[in-house]
Each structure stands twice: as structure tokens, then as C-alpha cells.
Amino acid sequence: MSATETIEAEGHLIDSGHLSAIFDKVIEHHGAFEILLFDIGRTNDAVSRIQMRLTTADERTLETLLQELTGFGCHTVAERDALTRPAEKDRCVPDDFYSTTNHRTHVRIGGRWVEVEAQRMDAVIVVSGQSAACRKLRDVKAGEAVVCGHEGIRVTPGFRERDRLGFAFMSNDVSSERRVEASVSRIAGMFRDVKRNGGRIAVVAGPVVVHTGGVEHFSHLIRRGFVDVVLAGNALAVHDIEYALSGTSLGIDLAAGAPVDQGHRNHMAAINTVNRAGGVRQAVEAGVLTSGVMYECIKNGVEYVLAGSIRDDGPLPDTEMDLVRAQDAYARALSKNVQLVLMLSSMLHSIGVGNMLPSWVRVVCVDINPAVVTKLSDRGSMQTVGVVTDVGLFLHHLASQLAEGT
Amino acid sequence: MSATETIEAEGHLIDSGHLSAIFDKVIEHHGAFEILLFDIGRTNDAVSRIQMRLTTADERTLETLLQELTGFGCHTVAERDALTRPAEKDRCVPDDFYSTTNHRTHVRIGGRWVEVEAQRMDAVIVVSGQSAACRKLRDVKAGEAVVCGHEGIRVTPGFRERDRLGFAFMSNDVSSERRVEASVSRIAGMFRDVKRNGGRIAVVAGPVVVHTGGVEHFSHLIRRGFVDVVLAGNALAVHDIEYALSGTSLGIDLAAGAPVDQGHRNHMAAINTVNRAGGVRQAVEAGVLTSGVMYECIKNGVEYVLAGSIRDDGPLPDTEMDLVRAQDAYARALSKNVQLVLMLSSMLHSIGVGNMLPSWVRVVCVDINPAVVTKLSDRGSMQTVGVVTDVGLFLHHLASQLAEGT
Amino acid sequence: MSATETIEAEGHLIDSGHLSAIFDKVIEHHGAFEILLFDIGRTNDAVSRIQMRLTTADERTLETLLQELTGFGCHTVAERDALTRPAEKDRCVPDDFYSTTNHRTHVRIGGRWVEVEAQRMDAVIVVSGQSAACRKLRDVKAGEAVVCGHEGIRVTPGFRERDRLGFAFMSNDVSSERRVEASVSRIAGMFRDVKRNGGRIAVVAGPVVVHTGGVEHFSHLIRRGFVDVVLAGNALAVHDIEYALSGTSLGIDLAAGAPVDQGHRNHMAAINTVNRAGGVRQAVEAGVLTSGVMYECIKNGVEYVLAGSIRDDGPLPDTEMDLVRAQDAYARALSKNVQLVLMLSSMLHSIGVGNMLPSWVRVVCVDINPAVVTKLSDRGSMQTVGVVTDVGLFLHHLASQLAEGT
Amino acid sequence: MSATETIEAEGHLIDSGHLSAIFDKVIEHHGAFEILLFDIGRTNDAVSRIQMRLTTADERTLETLLQELTGFGCHTVAERDALTRPAEKDRCVPDDFYSTTNHRTHVRIGGRWVEVEAQRMDAVIVVSGQSAACRKLRDVKAGEAVVCGHEGIRVTPGFRERDRLGFAFMSNDVSSERRVEASVSRIAGMFRDVKRNGGRIAVVAGPVVVHTGGVEHFSHLIRRGFVDVVLAGNALAVHDIEYALSGTSLGIDLAAGAPVDQGHRNHMAAINTVNRAGGVRQAVEAGVLTSGVMYECIKNGVEYVLAGSIRDDGPLPDTEMDLVRAQDAYARALSKNVQLVLMLSSMLHSIGVGNMLPSWVRVVCVDINPAVVTKLSDRGSMQTVGVVTDVGLFLHHLASQLAEGT
């Protein structure tokens, strides 16, 4: 009555923790395993390879288990093509659809292994001719060929490399009890490394960047060419412009650190000023807006996308309030060779961006709340460096480090 | 060269802290004041009345100060009509526009004091004939009469009443070191009180309500008639439906407290199932969805609005991804005699809702992170009770208390 | 059947919030009040004066209420001497003992008002001849004259002054969403101000100061003469010495930001090294310890007290493991004209110190956890400035600011 | 010039993550490894065994590496006796002393492997005849034989077992976004399991247990026989007794949830009352103290140790203010077959206790602050279950669960 299958996996199975995770998964499903072959990497750099026979109570559990194990790079020994079934209608796929991870994935079509394009998590894979691509559920059209089950799918999960740029060692834990200056040096190194390689850098930023005094330092990074894309919400832009126009952020004078004057009214006046000009670019061109993050983006040709949210005042004319379009704009900006994403004090936008990224894009997440950093790091501990610190001071030190080097 | 004006204010000036705040404001602007008349309330219930002469360095500072002081109920002794100016174009108002608070406000039109409708903060006031209403900046049309300056405006700020329902004493501080069961009793009392008076109750809820096991208890509140409106995002509905269909939330089995099976895939399957049915209501009607918060909303005729965000998977067909429309739908739902709002573990939606509420709607904010409760409470300490606790257990105890009483 | 009494109070009653607090107290006890006289300060600087008649249900409630109101500066109109009763035995006082606040207090002895010495909270007042002093309960001896009840006691509560050093405006709230560089400037100003006035500065510090890279900057402050007393626990000294000897803190290399080598063993080796020398001073004199906070303390004649705790490794020979002696040593160090206390990342020691301080010593509390800052600030919002930030970076910026000025 | 050594290890090397950790350590030291033999456990239950040759740049690095690897169960293939050297003087050991982990350890003496007694971390091992024991540095006497280097030492690290009591799955991460009721069920199961096996249970508790309303529920656990030892500080006892005598905790009425009456004075009155009686036991015997945690401890013969701290008021006569004696009393209480420790809202005492425990004692840590739970769990993720929730409500649910079962 029980079901059985032989699978194999190869790679840095031990260092990555995948081998242990594979065993765990089998136990979770009350299955059993027998190791048929285990070839451990003899040296630091060599990969390991395992072949094991799985046994579960019934066929259905086995199917489930096998689909889950694809996430750790497992595949059946006997190679078959990926199974596809047509989507029954728009936005609706067969029940046994394969749900993607953010790791590099190949599917077998007509006997050939094809890399899946636009890799991201929580998507389905649509096959068209000899190519395959991740597709958000909402973008699936009736009749499209959707990959189902677990066969003919190979996932190549990343693993925490031990020695490149010290990335791995930094990301071991999330704690506020760390010397941030050491982290800043390494992150500055990553910034330089990515730019040297022709990659692009995206910054996801919340309004706390402005409140904590990060505007000058962020502006500096933009002027030095270390920022290619800014992904944010309406509030970052509003408070940045409020600060440029009146020296306050949410009514707090950032030089004096005290609430002033027309306090809470200033951000509404900022929106009104931009509305009058017709948009942020027009306000810059008219000479009304002469400093700040948004100003620098426009002056330096940095792409920005402002996504709306339920809490927005205004919004600014530049803010995209249709969130389907906003998500697409974010994803498009990230797809243009972005190799590093710096996430600053915005859990909302950072999770949004995290959902869109393949696992090989590096992520640095900075927040003063350790729970936020933990949450973001959990989405892929191998790609994320978390730093628990004051965001304004972090930007100050990062900008200083990057000024020295160039 | 200096400017001077005589103002007056009346009400619970001392208990509310307004008198002290008025003095602070004058000092902030480097002004001086002289008390002309101070009639202190002789007994617990009597109100106080003050008349004072303000002096500032120049006319412009005086104008600014006077506008700010309207927020504490101050008005000039000499009564004049409110000044209006036409909006120069859509979404754009004169620079000296009056920016609203969330307190009850009257403006003087043609010699008569008129209450401003649709009170909310960060809006402007548009006058039309003998009526006046708050208007979001984005909804202002060219040529409309916008209230400017500070004259002819009277704000009646609330104050922390000392003895009604124990509301005041609870809200004194935000701390995790409190006995929650005492707070729950009082909040249950508020719930009953509002329903007895024919008021409506709105619940703002994040997906943590599902993750922490609150679904059964929330469902119970709905069935008992204690919830009239649910304001949430896509994620609450997705995880609620995931839990109804598969017993998990974000892949964690809520009975066992452990990750299971198809883990992260379950929420995508939930979305797919609703997409197949055509929407949440259709899924309920088709007998596919048979329990949970969304199910109960539909079965019990509870209004719900799901607002989209940049981090949404799916979204469900019911989720409003156009945030201008979503904000309007939230505001509309709140405007129908909602007298109490319970905010559960969603900073984003809670801030959104807080922005829309007049100061006389009571708010109870529950979150396990004290910083979130502090932030939400700061928006109007007189109307908000903050409780720092586990949201799932809070709902359990609230539902138990409200079950007993009815 | 009811009881009544006439009291008066004077000072900045409104600005300080005391008048409102007095009213609240009366209501809490279900009492009533009638204002007999209220003389409001006519100008910014003038004080107010109030006389009011209180009525409560019975004599006992009135006694309780009157004792509580002493904390806000209230006293009965009819002046009587303070009532004393003998302590029945060591460490044990009459049930109606007067429990002190941290505000300046006078008691009336033989018709004369005498200032109470060694002011601190949660103590009793012992009268001896014509003098009076705060005494910890454990230090009370049988037969000593202990002040009881509420008569003949006058408390002069501080109030948040509006314009001195910007202290007041800074302390309005506790949030991580602030520009720390503005706070640092003001705090640097306080440091200079205190030193210019001949006052002493105490620093309370936890081991996080070392972990976050603050040692060099703290050392700098000591060398520049800005630190007179260091109050800490065993852990600060152990990790400081670990860092001096091996470059790590809890096994993390602070330059590289990564765990190294003999990791967790290093702090034990540090203790062993100090044990071998015989103490910290001997290790410095022997040339074994050549840098760090402890080294600088010894080289610059800065007093330090290390208090033991249940979590201590070692301890170092310098650590006082008898906590009665440790508390006394802390209190003694603070009593020598300390005018400013900087509390860095140690809730335990900070609360301990906070308990010992009179309300006129200014306190700056820095921690990355807002709940800690809130908790410490709650003990006396008028004397405490809270800064939520990264402690290592805070020290870096504070040291830079203070280097410039001198 | 390079140094080399062959080591072996066996056990659940992969599941435990030890194999990966061994590789990491080698890389950290810039060493190389070659796998000579790897025998993977063929089935769920079988252990693995590895033999590998290590090469490092020099002999000293090799020594360091080998000592570190003992923590993961590695030992050299060639067996030698443990090296001991005499302590040069009291509290002072040779520089290459072996610093213990909290895992079960054996040392080879005269050719025989002997289990080390009183296992705990951060100690040294003292050999006396044919026996060996952990010794705190401060207790080492001149001339005692202290184990040095890495030879003749075998550590048997625990590993996260997959299926016993669901312990492992619970402890995967620390998050406030969990259903606590599922965790409570499992923890109740552990409590019953330990009592069934004749083990003892210790509870470490901070005053927040009282503030959050946990006293009745904690009392219930004691009366039901689920608590054998209470390890706490002065504050727990003071506030517990304050609550028993006056219904408040830090002046907050726990039934009403509001500050009352003589507020802050109540805890001083509680201390005074106990001082008058002569101690907690005497207060119980005199009928003065008739409820609460301390009362139940005395009535039910539960051992308690109250350790002093720098922040203590009083202290109570029962509080041990000599911290060397307090640590020894804690350690003694824990050494009597304590198999489970429940840590409730006291980072200080919990870290203290964590330092004393061998790795095979299970620990459940409950706090509303995720950073505290993370910090405590980090000390040994395999033995600790972390629950982020409201402590008062947690105790309520735990007591309910344990009431049902018995």
C-alpha cells in the first residue's frame, strides 16, 4: 500500500543545511528514507551528491513530499518531462499547480532542461513552446500551459557561501548588540563590488529615512552613483519634499530636533506645492524643489517608483495608486540587472520587493526594530544581511565610507 | 513693530492639558501672553474660561500662532467670518489654507457658526452656500471656496474625561507590563455600551489575527453581532481562507503549531480556489468556503473592505487594488455611525483608518509590539486605548467576556 | 460624615501638569473640590497659586489623599509640624510612614522648615534634632524618629522648563523615528554646561557599549575629562578587557564583525588574566591592560563601581558581589555633586541608579529598544531625555561633537 | 610548515548541523580538510560517522581549531589522556585552559574515559584522582589539576531530535506571529512528562508575572505540584506580597487595571510588613500573608531562592544580597534533578540560570519581547523553546491545560 520513489540531489548539501532539511521533510510526512549513495565533497570546494529511496504511506503523500523536496534541489532519478495542464480560466490554475520558490529553476520540456525566466516566489510556471517563465496567478490566461506536480522540475537552491565578501558570516544572526561600523565597511564593499561589475543597486526606503536625518547622506549616495533605482511609497517622497521646503519632517525641525511652527501642516503644504507644479519633476524644473532624495533622483536620472497605500495623504501626482500597476513597475525596475537591494526602514515595501526577487540578488536590510530585520531575513537567510541600527546614522556612515573610496 | 491679538478659549482647559499647550505654543513662537481673565471651573464638572492677550514679533508669526491655537479651541474675541479663497486649480489650494484636525470644528459663514461635515484630519474645509465640509486635497476642484487663515474657525478639542467607563485611566501609558484581563473587561464593556446605543463597531485586522489563532474568536464576535465592519487588506482574507481550507496560516498548522505539508503553497492554493469561484461571496455560496472571518462576514451581512498593498499575493478578486477607491470605501464604511474601532495587529491599515476618523470615535489598539501601540496612540491620546498583548489570546478573552454577557 | 481640608499649592502649576494631576487625584478618591482662590501667573515667568477645599467620604480617605497630594506640592493651609513616630525595630517603621518622592522636600520641625538631606525616592524620612534625612528602610534603626502622615511636609516638584537648553522639547516622546544628530548636539551642550559649572558626570554602562563598538569613543570622553564616575556591572568590565586583550567582545571580532577563533573562551581568558594580576588596577600597572574603558578610568582617576549580578562570569576581583555594599557605593559616588547621568544600554543598572537620584539631576538615557527608554523615562519625565538609537554610533557622534568643542 | 591532524566524530552529524559547523570552523581558520571516511546513517535513526584530515597554516592554529572542534564532538583519532596543569594560584589557571561547553563531556584519565560532573558552560575542568568536575574559575584553588589543550576531551553535543514531544519543531524560530495555544498544549505535555518521570521543574520568574496578572495561575501550578523550585529576584517577591496585601502591583490595581490610592507606596509597605514579621515564612506563619506565589511556595514546600540586584528596594530579609552565595544557591537548586526550566519575563535571572544548566535540561522561555526570547534561545537552540506572548495570559492558559489533565 505504501509508495516509494528514488530521488537524487547534488550541491553543497551539508553546508547549505539542505541535507538536514530533506531528512526533516521526510520525517514530517511520516516517511522513511534509505541512503543508496552518498558522495561527500572531499574538499572545501567539492560538491556532494546523494541518492536516496523514499517511502511514504500512500501515493498522495509521496507526491506532496516530492513537490516539497524540489525546493532543496531534489529530483527523481528517472527523468521525465514536466507535466503541464491548461489553465481552466483566467487567474485560475489546476489544483496541483507547481508553486515556485525564488531559486533558479529549470523545467524539462521535450527532453531538454530549460531555465525558467523571471524567477520569483509564489508564482506558477507557464510553458510556451520551448520556453518557460514565472507568471503571477493574476496574469495567467485561460488555456495557458501551467506546470503541475513535481516531475521535470529542478531547483538549484543557493547556499551560504563561506568566504565571499564576508557576506555569510555577517548574516548569522540578527541582534542590536553588534558593532555597526564593521557591517558598514562590508556593505560599502558590496556596493563597490556591484558597481564595478556593472550591476545596478536598488534602494527601498520608508519615511523614517527622512525623520532620522538620512536625506543628506542618501542624496550623497545618489550623487556618487551608488543608487540606480528608488522603490518607495508616497510618504518617503512627501516627507523628503516637506524637509526640502520647510526643514521639517512630520513637523519636527530636523536641525533642532523639536516640533515647530505649522507642524503637521507642512506635509500638506508640500503636497499642495507639488500639485501646483504638476508633479515632482515639474517642481524640480520650476526651481521650486532644490534638494533632497526626490530632487537628486530627477537630477541624476535615477529611476523611482512610488507605490500608494491606504495610509497615504495626498497622494502626490507621481504616486501610483493602482497597486497592480505599482507592483508591475517595481518588478520591472528590479528586473533590469539589479544585483543588490538596500532596504531601509520600510517593512511594507521591503516585503513587497522581497517577494519579487530571485534568490541570487543580495539584500541588505536595515531597521532599528530587530523583529523587522528577522522577518525580512527569514525570507531567504542566504541572500539577506540584516543590520539592526539607527537608519539615519547608518546612512551617514555608509555615505562616509563610500565617499572615501571613490 | 510687534503684533498683538486677544483670544479666548473655554472648556476643560486644565484637565485636558490644553491650557498648558497654549502657553507652550506661545513660547515656541517667542511670543508673550498676558492673562486678562481666567475663570477656573469651581467644581469637578464646571468648565474654565480664559481670555489672554498675545504679542509676537510680527504679524506673520501672529497669524501662524493663531492658526495653530485653533487646535486647542482658541479663537479671537472679535468674531469675524471665515475667510475663503478659490482653489486655483484641481487638487491645489491657496498657500494659507487651513489644515484640519480631527476635532469637531465650526466655521462662521455669513455671521452664523456652522459645523463642518465629514470631520477628519489633514483635510481642507470647502464652503458651499451655508454649509462647510472637510475635503481631501485630491478632491478639491478649481474654483471651490477653501477656508484660509485662522479667523472664523472654532475647534472643540476633546479631553480625557475622568470617569466615563474607565476609558481615561486605561489610556495613561503603553506597556507590556499590564494585566490584560482587566483591560479586556473594560473593552467588553465599551462593546456592549456602543451596541446598546445603536452604534456600529469596526474592526481593523491584519493577518497576525489568523497566525495567532484568533479566527474562531473573531468569528464568534461576528456571530454575536459585535462587528459591523471589517477593514483589512488582502492578506487577512487570504490567510483566513487558507486556514479555512487547509488548517494552516502561512503554512503553519495552527492546531499543531508546526509547519506542515505543502507549507507556503497553501495560501496560493487558497487564492486559486477563490479565483475559480469568482470571489469570496461566490465561494461561500458554492459551499467551498465554510468557516472563518470572511465566511462569517458574508453569512452575517457584515460589511468588509479589503485594500490592496504592494506586498499582496494574488490578490483576491474582492481586493480593491485602486487605493483611491479603497480609501474612499474605508471612509464611507466608517462614516455610517461607527462609534468604536478595534485595531488588531495592522499598523498600515490602522494608521490609514486613524487618519480618517474624527476624534470622537473611540479607538482600541491591540498589538504585541509596544512601539506600534505607542505610534497609534500618539495620534490622539484622548480617544485611543492601547493594549500591548498577544492578539490571539486577546481575542480569545474578549470573545469569552462578550459571550457571558449576552 | 464626610471629611474636609483646605490646601494650597504654588508654582508653575499649569505648565507642569500638576494642577491637572491634583484634580485627577481628588476624583480618583471620589472626592470633590472647590477652588477658593486661583491666582494664575499673568506672564510667562510668573507662578500660579491655588487654594482649594477638598471633601472626601471619610477621614481615612482624606489622610491618604493629602499624603498623595504632597507629591504635587500641596500642603494644608494651616501649618503644623511633621509628625514623627519611633521605628519599632530595625528595618521596620510605623504603618503610616511617609514614603519619599525624588523631589526636593522640606519638613517642619519645631516650627521651622528644614530641607531633607540625601533626597531619593522610596525612602523614609528620619528626623534627628533639627535635621532630617532620607533613609532606606533597611538602614532604619529601632527608636529613630520617622516622619508619618502628611502634615508638615512640603514637596517642590520640578516641572519641565520650557526653554533651558532645549531639554524640555527633546523629552516629549520616545521614538526611534528621530534624527539622533540633533539630540547629540544638545546632549553635548549639556555635557559642556555641567563641566563649566563644576558639576560631575556619571555614566552608567552595560556591555552592549563594548559589543556595539563604543569603547574607543567612550575612552575618548574619559580622556577629555567628560566622565567622572562609571557605574556598571561585571560584564562591562569583562568585555572591555576581553576587547583590549583579544579584539573581541563575546567572541565577535569587532573590526571584522564576525565570530572568531576561541570565541566564547576569550572573556574567560580575560578574567583569568585579571585574576592573575590581582585586579584591574594591578593589570594596568603591570602593563598587561593597555587600553579600553577600565584602563582609561584608572589612568585618568575616574571613579568606578562594578556591581555584581546573578549572571556574572568570574567575577573580576574588582566586582562588588555584596549588593548592599554595591548599592551604597553607587549612592555615595552619585552624591558627590553629580549633575548629569548618561545611561547607556543597561536597564538593570539604570533603574538602580534612577532609584537613587533626586529629581534635579538630569538624566540622558540611550538604548536601541524604545521600551527600555520609555520605562526609564517614566520614572520622572521631567528630568529624563530618552534617545532611541544605536549606542555605539551614539558614542561615536557624541565624542566627535565634544572633541570639536574643546 | 603546515600542521595536520586526523579527527573523527560520530552522531546525528547532519541533522544537528554539526557537520556543517565543523566545516565552517575549518574555513574560519583558513584550514583545509579532506574527508577520509564518511559513513552516513542509512535510515532515520542511524548515526553518521566521519573521519577527516585537517591542515592548517601552523601548529598553534591547529591547537586552537582542535579545541574549538571539541564542542561539536570531534576528537583526534589517536587517543591520549587529557593534559592537566596545576593552577598557579587561587582563581587563576594556565593560559591554555580548556573552557567548557554545556554539553556532556568526558575526559580521558589514566586511559579511561570519565564523565565530567556538574557540567556547565564557561567553567574549567578540575581532575582529582579518577574523577573530573566542572569548576567555576573563582572556585579553583592553587595547585589543582586543570585540564588544558584539547586532547583527551570528548564532547557529546545534543541535537534537535525530530519527533520527541514536538519539541524540535516548536523551536524553529522566534516570532510573535504564532498561535500560543498550540505551544501551551505542548508545554503542558512536557510538564506532565517530566513529573511522570520523577523529574523536577524550576520556574525562573520576574515581577512582570505579577504585573500581568499571573499570580493566581502561577499559584495554581504550585498547588497542583508542577513547580519544585522558584528562582527569582527580590522584585518578584516584593510585588507578589504587595499584591497579596493590597491588590496592587507597582501601585496598579490589578482588578481594575488602574493606578490607585497610595500607589507607589504599597510595595514599600509590603517590605515593611515582612520586615516586621521577620521574613516571608514568618509572615505566612503569623497569618499576615495568606495568598500569592511566595505563600504557596511556603505552604507547599517549594524551594525558592531570591537573588539580590542593584535595583532592589528593601530588600526582603529572604533576599540573598551576596551574589556569590546567590549563584551557588541557584546552582544547588538546579542540580537536584531539575529536568525542565520555565523562564518567565526575567532576562537577568534567565541568563543567570542558562549559564548554569547542562544542555540536556529543557528550557521554555516566555517573554513578550522577541529580542529577549531570541537572546535566551541563542544560548543553545537545541534545548530551548521560545514563546513570544503575554506572560499573564500564558500562565492562565498553561494552568487551565494542566488543571484539565490531572
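Order of writing sets the labels: A, B, C and D. Residues in every chain begin at 1.
The working rule: a contact is a pair of C-beta atoms (placed from the backbone, for glycine too) under 8 Å apart; a residue touches a chain by one contact, two chains touch by 3 or more.
Since this is a predicted model, take the numbers as computed values, not measurements.
Q: If you tally contacting C-beta pairs, which comes out ahead, A-D or A-C? Let me know.
A: A-C
Q: Would you mind pulling out the distance in Å between where the CA atoms of chain A average out and where those of chain B do?
A: Taking the average C-alpha coordinate of chain A and of chain B, the gap between them is 32 Å.
Q: If you average the Cα atoms of chain A and of chain C to get two centres, how far apart are those centres in Å?
A: The mean C-alpha positions of chain A and chain C differ by 45 Å.
Q: List the centre-to-centre spacing of chain A and chain D in whole Å, with centres computed as mean CA coordinates.
A: 37
Q: Where in chain B do residues touch two or more of the other chains?
A: Each of 176, 259, 369, 371 in chain B touches at least two other chains.
Q: In graph terms, nodes being chains and edges touches, is this line, ring, star, complete or other?
A: Topology of the interface graph: complete, with all chain pairs in contact.
Q: Enumerate the contact residues on chain A facing chain D in the complex.
A: The contact residues of chain A facing chain D are 14-17, 19-20, 23-24, 26-27, 32-35, 38, 40-44, 162-163, 173-176, 370-371, 374-375, 378.
Q: Residues of chain A touching chain B in their complex?
A: Answer in residue numbers: 28-29, 64, 67-68, 88-89, 91-93, 95, 97, 99, 121-122, 137-138, 233, 259-265, 267-269, 271-272, 275-276, 307-315, 317, 321-324, 326-327, 330, 348-349, 351-352, 355, 369, 371.
Q: Which residues, counting only chain D, touch chain B once they are in their complex?
A: Answer in residue numbers: 166, 169-170, 172, 176-183, 185-186, 208, 211-213, 249, 252, 254-259, 368-369, 388-390, 392-394, 396-397.
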